[in-house]
Each structure stands twice: as C-alpha cells, then as structure tokens.
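Every chain is named by a letter (A, B, C and D) in the order it is written, and numbering of its residues begins at 1.
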Amino acid sequence: MWNWLHKLGSPKSFFAISERLLPWFGTLALLFLSVGIVWGLLFAPPDYQQGDTARIMFVHVPASILAQSSYMMMASAGVVFLVWRIKLAEIALQCAAPIGASLTFLALVTGSIWGKPMWGTWWVWDARLTSTLVLFFLFMGIIALRSAMENRASAGRATSLLAVVGLVNLPIIKFSVDWWNTLHQSSSFSLTQKPAMPIEMWFPLLLMVIGFYFFFFSVWMMRIRTEVLIRERRADWVKRLVLTMKNKRDMKHAV
Amino acid sequence: MQFDSLSDFIQMNGHGVYVWAVYFLALGVLLLNVLRPKMMMKRFYKEQYIAYTLQAAVSNEKLKDGSGDYLK
Amino acid sequence: MLDVKNLYCERNQGLLFEALSFSLKPGKVIQIKGPNGAGKTTLLRILCGLFGEFEGEVLWDLEKHPIYLGHKAGVKDLLTVTENLNWLCELQQNYPSSDQIKKALIEVGLLAYKDVMAGQLSEGQKKRVSLARLYLINSPVWLLDEPFSAIDVEGLTKLEERMRGYVEGGGSIILTSHQMVNIDQDVTELLLKGANSC
Amino acid sequence: MLIKSIQRELLLSMRRPADLLNPLVFFVLVVSLFPLGISPSDEVLKEIAPGVIWVAALLSTLLSMEVMFRNDFEDGSLEQMSISPQPFLVLVGGKIVGQWLVSGLPLVLMSPVLAVMLALSEEGIKAMFISLLLGTPILSLLGSIGAGLTIGLKKGGALIAILILPLYIPVLILGTHMIIAAEQGVSYSGDVLWLAAILALSISLAPFATTESVRIALSDG
C-alpha cells in the first residue's frame, strides 16, 4: 500500500492513474445523479407537511454534506502536505478550494430557497445554515489567500496552514453555532433534525449523495490534472503530451 | 408516478417555482465546475503548444524525435 | 563544515540552479557570482534556512550558528545603535560588554552614533551597524550578501582586513558580490548561470 | 529570552505610541457610533451593548494585528530572529504577548467606561470585563496567525479580516452570551470555563502556527 501511495504522490504517475480513473468516476457520477434526480423528482412521495418543496432536500442535503466533507478532505490534504511535503497534496488542496466553495454556496442558496415556502423568509438563522455560512467564509479565506500570494510554492504552504488551522477550529465553531442557536431559537422548527423519512424518499437521497461524491472526485481530479501539467510544463513528458494531443486534434478537429 | 400530468409536474401545486429554481441552480453550479477545468486544460494546451513550438524552433529538432516514441 | 548535494531550485518561470553541489571547508572563502536574478541571494537564503522551496540537501555541521547579512540590515529604526547591537548579539547568544561594543563601533567608524536612534542613520551606516556584528560575534561561518555595496572606500579596506584576519583564524565565508575580493587567501568562485539560460 | 523579547516589544511600542493608540481610539469611536446610529434610549442600548462592545473589540485587535510583524519584516530584523539560535517560537511568543499588552490590555481596561456609555448594569460590566480579559488574548493569538500569513502581501488589511474573523466566531458568541446572562442575573460560570478552555487551546497551538506562517512569509519575501 505504501509504495502505491508514494507512486500516487509523484505528479507524473498521478496523471497516468487519473487518466484511467477519470472516465469511471465521471460515468458513475452521471449515472447516480441522473437516477437520483429522476427518482427524487418524479417518483418520491411529497412530504406530508412540506408537500413538494421537500424535493429541494435532494439537492440541499448532499450539497451541505459535500461542503463539509470537501473542507475535511482539503484540510487533510493540507496536513499531508505540511507533514510529508508531498507536492501533489498541495496541488489537491488548492484545486479543492473552489469546488468546495461552489458547493457550499449551492448549499446556502438552496437552504434559503427551501426556507421561503416553509417560513416565508429567505434567510433563517438555523444552526446548520449558519455553520454552512461560516464554512463558506472559511473557503473564501483560503481562496483569497491563494490568489493574494503570487509565488505558487509558498502559497501552497500558507494555504495548507490556514486549512489546518480552520480544521482545528471547525468543531469549536460548529459547537458554538449550534449552542448559540439553541439559546436564541426557542421554537423547535429547524432543518437540523431530519424528518423521519420514508424509505422511498431516503433511497434517492442516498443515490444523490453518492452521485455528488463521485462528481466531486471527478471534477477535483480534472482540476488537479490541469494544475499538474501547469506545474510540470518544463518536463519532457508534458511536452510530448502537448505535441501528441495537438497532432491528434489537428487530425480529427474534435476537442 | 406522483404527478398525473406534465403541467401538474411543473406546478407541483404551487411549490414548483422554488423546486425548479433549486434544480436549475444546482445544474448551473455543477456544469460550471465541470466546464471550468476543461477550459483551463484547453487554454493550457493552446498556450503550451505555442510555447513549445517556439522553443523547439529555437533549440531545433531535439523534440521532434522525442514525441514519436510516446505513442508506442 | 558544509556540503550541498544536487540542489534544485525553480522560481516562478525560470529554473535557478539544478544539480548544484559544493562544499565549504574551514578557512575557505566562496564567492557566488552571476548576473542579476541568477539566484545568488536565493542560494544564500537557502543556506541559512530562510528559503524553503528547494529540492536537494544542505548539510551543516557547526557548533555555532552562522552570521547572515542580508540586503536588509536588520537594524530597528526605533532603537539606538547600541540597543540594536545588544539585541542582535543576544540573538546569537553573545552578551558583549559595553566596551566591546565601543571597540566594534570604532572599527566600523560609528562610535559617534553610539546612542543615536538608528532611524537617523543612512542606509550605508545601518549596514555598517550590521557589519559591526562581525567584530562582536564569533561564529564559524559568515554568509554575506553583497557586503561591499553602499560601503565607502575606507570602510571597505577595514572590512577586507577583518575578513583576512577571520579567514586566517579558521573562519569561512560565503559571499555574493560583483566586485573582486582582494584578500590574499584563495577565493573559489561559484558561477550561477542565471534563470534564462537553460 | 521570552522576557527579553517582550521587553523589546514594549520598548518599541512605547517609542511609537501611534500604533498603540490607534486601535484604542478606533475601539472608542466604533462603540460611540452605535448610539448615534441606532438610538440613545437605554433599553435599546442595553440590548445591543454586548454585541457592540465585542464586535468593536474584534475589529480593533484586527487593526493592530497588521502592523505587528510588518515593521520587523521590512527592516530585516524578523529574518535575523528566525535564523538565530534562540528558539523562534519563544521570540514570536514574546511578540504576541507584547502585542496583547500594548493593544489588548488597554482595551480591556477601558471597556468599563464604554459600558457605562451603553447603559450596561453593574453586573453586566463585571461580566464584560472578565469576558474581555479572557477573550482578547485569544483574539491576539489567533490574529497573529493571520498577521503572519499576510506579512509579505501588499493588500494585507482586508485579507487578515477574511482569514481570521471566522475563527473569532466562537469567542464572540461566548463573550456576548456572558454579558447577556449577567444582565439577566443568570450565572455565567459555564461561559467563563469555555472561554478559558479556548484560551488554553489557543495558547498551546497558535504560536506554532504563527511561527510557521512567519517562516512561510520570510521564505516568500
């Protein structure tokens, strides 16, 4: 296992491995997502309280799950980089930040749209929504720091440090937001407790979550591949790749 | 099938607007995430191709035979 | 004392140096030469541990830390000259007495400014305050980045004399400079080709 | 060596009082804006007082964070510190303590005056004093990580806020709740313990992160 991880560590071999993995991840993501959406939209029963707005859950819940786990994955890549100095971990971190931020944004907006029909207000200071908002700020911090530092190498170290600091603080923030919510929100309505879902609704949700994970990995891999090429552009294997790709493309004019 | 007609499916008895807004937004975000790396990759190939051909022209023929064996 | 094994360093676009190896024995002087932007300062900063983004090995075995003189003098404007020197020496775990500091200041010709705020000194004078450390702190290696820039002729001769004495005493120096170093010991040169060459 | 570093830091700040006073003036200014902005009536002020004081405290510590490493970075003494045999962690720790003594402590000492302005009750002022006394060191410790990360960057000001404010949220929540609880006469010992716990965590972890962030900035500079 150890040398496999080491092989994955070197950008060139990662590029080769991801060449084979990417189509698999892509098709699996497409498959899960399409089945999940069709099932959730068409066949799942409307919720007895919320009626059809419950269908928003099939997007909002996976998005907020992904938001948190993408931060976890990004921060663990940061830890790997700070401890073992594997260059690929730093590239992975910098590529995960924008995806994570976009998913957190998606979770935020879908959460507020879900709130509109149910409570009539666009924004509700619910514990989970607020901690997703804070997570969004954390992502923004990472992206702001990455773009502020021109020199790529030290930007990697700085962003990994910030990600790790954020990771250490995340549980504290989560606790304090939840605790703060119970203080001010006397009424018990909130998105936190998932209503006991019948199996017909729970299963499409599971498909959607798995689909989102596959989607996240495939998009993440795509970004890492581009970043690896940019970083290794002086290496011969990149030169050959670019030239061969160009010849192929000239031949059949397809991207 | 929960809905008997297409129009009912779109309305979703009044909540349709929100549900569709969410799904289109989700589609948008997902597509954006997919297209962004593809575009960056394409831009990288274009720029690098020009850079390499320029460099190849300068340090001539070192690359030409190199690219041959990669296809094996 | 120091050996460097196949150092590789790349900065934004250019490749600074690749497979660079050299070693430093006591009593030797190395002068790093090369065009601007060739990475002379970066190499020096790698040697003293300031710069982290490089591959390869830098192996020091010293009992005392080297003295590093960078482009920035490291002198605080809000402290007087003596306070600055006291602080800089404490950093290197030397605790000089006040007359040792006086003697050092005489060597660099700044005795009159002993209790003057460093802020009022010119850049050249601030550099000489930093150079005064060479008389105060005994350290096996000196890493000097352009030591001769912004120094007047009289200061130059004094500095070279000090270097001569130091090298005789078994100390070793790595410096970057465009000028010739006229000290009688042999100066091995290390030429960096520069970023755009390869 | 820690004491020497703190002494040096205090000496430096004494010689340049502007950096000492600016955050404090800012603190007073922000707090006095709210009665003008919202309404001078006591009930309203009492309601918003905890939040106002704490948000003003957050912002003024951020303000003093930016200048913390910048001067030493620009004149090269930070470099000398990082490569000296003295443990860099101790030197950075000294700087953080020095920074807190210069900008955090005066803020705490001055806050009762502002609390009176915001019509806080006697009990509330006591709670606020304790919460700020425990809270401002955390703000300095976490803020110094941000300061370290943004040393070499030109547009550091806003960037520090974006990086570090999310980390301040737990302290803000606990601090304000302490004052509210005290106002209502409820015992707030739970919050004191929580703040003390976070303080202990930050004291033990933050200096390491700050040292690493300064090293990164030095390697960039």
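In the analysis below, a residue touches a chain if its C-beta (ideal position, glycine included) is under 8 Å from a C-beta of that chain, and two chains touch if they have at least 3 such contacts.
It should be emphasised that the depicted structure is a prediction, and the values quoted were computed from it without experimental measurement.
Asks: Tell me which has more C-beta contacts between its two chains, A-C or A-B.
Replies: The greater number of contacts lies at A-B.
Asks: Averaging over Cα atoms per chain, report the distance between chain A and chain C in Å.
Replies: The computed centroid separation for chain A versus chain C comes out at 48 Å.
Asks: So, what's the distance in Å between the C-alpha centres of chain D and chain B?
Replies: A distance of 45 Å separates the two centres.
Asks: Between chain B and chain C, what is the gap in Å from one C-alpha centre to the other?
Replies: About 52 Å, centre to centre.
Asks: From the C-alpha centre of chain A to that of chain B, how far is it in Å?
Replies: 17
Asks: Quick one: which residues in chain D touch 2 or more of the other chains?
Replies: As it turns out, chain D has residues touching two or more other chains at 216, 219.
Asks: Could you check chain A for residues that touch two or more other chains and list them?
Replies: 151, 154, 157
Asks: Give every touching pair of chains, nothing left out.
Replies: Once each pair is checked, the touching ones are A-B, A-C, A-D, C-D.
Asks: Considering the complex alone, what residue numbers of chain A touch chain B?
Replies: Against chain B, chain A makes touches at 33, 37, 41-46, 51-53, 55-56, 59-60, 63, 98-99, 102-103, 105-106, 109-110, 113-114, 116-117, 215, 219, 222-223, 225-226, 229-230, 233, 236-247, 255.
Asks: Name, in rising order, each residue of chain D that touches chain A in their complex.
Replies: 145, 149-150, 152-153, 155, 159, 162-167, 169-170, 173-174, 177, 198, 201, 205, 209, 212-213, 216-217, 219-220
Asks: Touching chain A in the complex: which residues of chain C?
Replies: 11-12, 15, 52-53
Asks: Please give the residue numbers of chain B that touch chain A in the complex, ascending.
Replies: Touching chain A from chain B are residues 1-3, 9, 12-16, 18-19, 21-23, 25-26, 29-30, 32-34, 36-38, 40-42, 44-45, 48-49, 51-52, 63, 66-67, 70-71.
Asks: Any idea which chain A residues touch chain D in the complex?
Replies: Against chain D, the touching part of chain A is residues 82, 134, 137-138, 140-141, 144-145, 148-149, 151, 154, 157-158, 161-162, 164-166, 168-169, 172-173, 175-177, 179-180, 183.
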